């Protein structure tokens, strides 16, 4: 069975229906729908096409219409969930922004890194300026293979060996199945980033297994694959296309040629990716520097 | 009959088939396919949903894969066709770049204006610096209604009354039906720009009729509407959906909700719109300043 | 006497000392120093090289170090002073952002326009969405002569004739004499914009006299001229150079060659101009839409 | 003696005059003045404040006025000199772009990296696409300490250990003493990058000594320090200020306060840094891929 192309575990789970080894909880908080999908055994992991682990999805359609309170609610919840996933301790936190800053829907990671309050150099060089409730944070946007000639893991591994962070937060643009979730959903996960995720790029896994450090992934879907909306349309209209094979073959036929590299995205993706990066960075900043007010964070960022 | 949503007259014509009042010519030149569609009576205009006039489409798939020679061939042909459409004389030429520079696929117009060699101030203030084969050119990107609160025509009309240009070239992003034509096609037309064209924005007509000056439109498709690819997929798979009504209703059903404002675009639209603006501006610069070499043009642009 | 090169009336006045026809008031409010210079007769206007009118300068060094409260205080005071200068009534307000958006220190005007809440199209097309305490606002960044081939006044005059705004707010980058005032000072004035102001560009006057509508100028110094700091250094070190003529001639000598087009600016001018545009736009938005909260304004801006 | 603040060895040498251990050659080629300064012993190195090594400076004032042929001449000469400095062999070349991409005059390095043709992933994954006369190249812009919390050397060392490049090319913005050299001069050097170079940022040395790999530095001055022009003005006008101590103390006095972080730069630095990055990247691309034409390089870059 070919899985539908989505980076959201909750969408994979909803498409597959309930199965052993998967637990789902859902609740609402401050106008945000929170869905927690726990994939607890390998069989379920294979069926869903997602590594084992916990996936927390925050959904709030109002974010897409620029609702300020919705954005604050999202980043507050993100901060809470992040703080829960990051292991206690005093070591450094490394934030990695994946993606290509010159490809708008893929720029979430680099843009979130730009908005992340970085403090490691203060801890090391100006320890007197460190305040209560701050943590040592560094951040890097290593770029994409086609632009650097370097695998993300080549850049990251050396840094991890040198810096020994206590945990890694890796931020990336995702693809959703449902267009309504684009730019209105944040997914957190303790399973890291797997090859083949993201907007059509293969990279090597960035996970606790590969790096020896807990890796928390934070992503926001910025696109839907063109293939997905065609396939969903076919599926919806006729039981004739209910078999996976038929669907796949027709979708492939319809999309052959230049359609393959097309993405479906909101017209205003430039401003939406900017706002999503803001939400993610605010969530990270609050989770990591609980002792600083928003005003202090903005001031320190310059 | 609801027309398919495309700003390319050649696509409307191909979908409708041959009809009285429409003449089509096609030829190849320097690796570029040139299609000329002339809509010569009102009935054909209504059936095709395009104003009467001549539409010249330049197609070259290699442009999409960054082929330098293909880009040069496209801009040379564009320069030739533009030079043919611009009335002879010595008055000024005004270039208008429509669209929103902060919405990537809609930024073609403002970006082309940025790359257009503007000379009107040299003609007026430094006439000694005017060389043989230069024309007086001004250029403006008036912005979009949602950002300025001003209709394009409100800004343009005052300028036209003051400046009395000999002709207007108006540049805009278009929507195509076929995704293969995105960023690989240029359409020129002597019919100006009509309300409802462009990437989903209504504006008042910018035409010879409304402005009293010949208006030549130059556009490059940067998107396909999501509705278009779904509808095309349905149409292709089954005669069951061959009636327009059935197709429309199913498409509407499939796309209801947030799908409506989604666009389909290549992942690398940021660089493609930049290259398309370069092709358009080079075509304009060569057409208007036949006496200047490319190197001179680049130097004068700073 | 050659006046020192500054666009701040308070700096001209301080250099010249007290004179008949000029009144100066200064007070502090919310950590901001407010200086009001009124130039009340022609002779004083000529001596100071500034048109007659009222100039209000808001100074707050903390803005330069990204202090969030300082920025809020500045934009609140700006809103109050602006509200005082704008004539009562119900007609439209037009905001004009001067300068070149592709030249960082000159981009204040276009950037402030991007951040201004524009509502004229809502008043005209969606009157039901107009809330208490909103005004009809349009905004345009007409670009600079070298890029458009058009004088700002050519673009503006046509629009003013068509739209008949009740008042115009014109935003521009300024040059200061004292580098400490760069990016930490806002000047408002009821005298409009005169030729020769701004970062080295001549333009025709945008004033009540030329347009028949009150014109309020808002500017933030983003640069100091290189000549200014050299001249100030010379002046400071020796009475030998106390005569204007000697100073001018030595300054000219020192600066001859490529120095003439150099500007002095903070290293981080990219982020400072962004923040200054934010302060100016917040001031304008609050002054014009007193009935909207900050959150509502941000939401409506998208 | 406090050395004048310049990153150009030829300016340090000219200020100091001839001395033992320093050899200077100068010639003209294709309209470009080439100056080679060889610092051959430690004493001279200390006096000039520059590490021992060979410094080649290419100067061409026409580049500043956007002369296309001048740019081509500069990048051709840069390619030749680079090819001479890079050790023969078949191993990989790593290009490192220093500086902050969000601070315009400091963005040369990241911008040059964006324009560098990267091929390492082709050599590794698509070896059939490798053509005669291509080399394996990777490139990274590691960001600055204040934004990443990471020393450049922390990021680079891990990569060098993993990738074992044959040589490193490091690109950075420089500060000149003479404003005429800003954006019109390229300096190459086999001595790497030393702490305290660049636009006011300390970083650890990136040299053959520290990395075990030949390091070739390429830089373009984008700024002059404000202190420099004041000091030069003082020096020029009076023998009274001929002693270093007097000059230093007066300069310090004049500049005290906010002047310290000010830079002197051409108004149009945004476009000049873009063009300088283009010259540097073209020079690198030609030096490393002698078998590819310009058109092939542009096409492969997308």
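When the chains are written out, they are named A, B, C and D in that same order, and each has its own residue count from 1.
Note that a contact is a pair of C-beta atoms (placed from the backbone, for glycine too) under 8 Å apart; a residue touches a chain by one contact, two chains touch by 3 or more.
Quick caveat: nothing in here was measured; it's all calculated off a predicted structure.
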item	value
Contact-pair overlap exceeding half with B-D, pair selected from A-D, B-C or A-C	A-C
Chain pair, A-C or A-B, that carries the greater number of C-beta contacts	A-B
Rounded Å distance between subunit A and subunit B, as computed from the means of their C-alpha atoms	37
Distance between chain centroids, defined by C-alpha means - subunit A, subunit C (Å)	42
Shared interface positions of subunit C, touching two or more other chains	102, 268, 271
Of subunit B, residues touching subunit D in the complex	65-69, 268, 271, 295, 298-299, 301-302
Subunit C partner contacts - residues on subunit B that touch it in the complex	102, 114, 118-121, 136-143, 145-150, 154-155, 157-159, 161-163
Residues of subunit C defined as touching subunit D within the complex	64, 102-106, 179-180, 182, 199-200, 224, 226, 229-230, 232-234, 236-238, 240-241, 250, 253-254, 257-259, 261-271
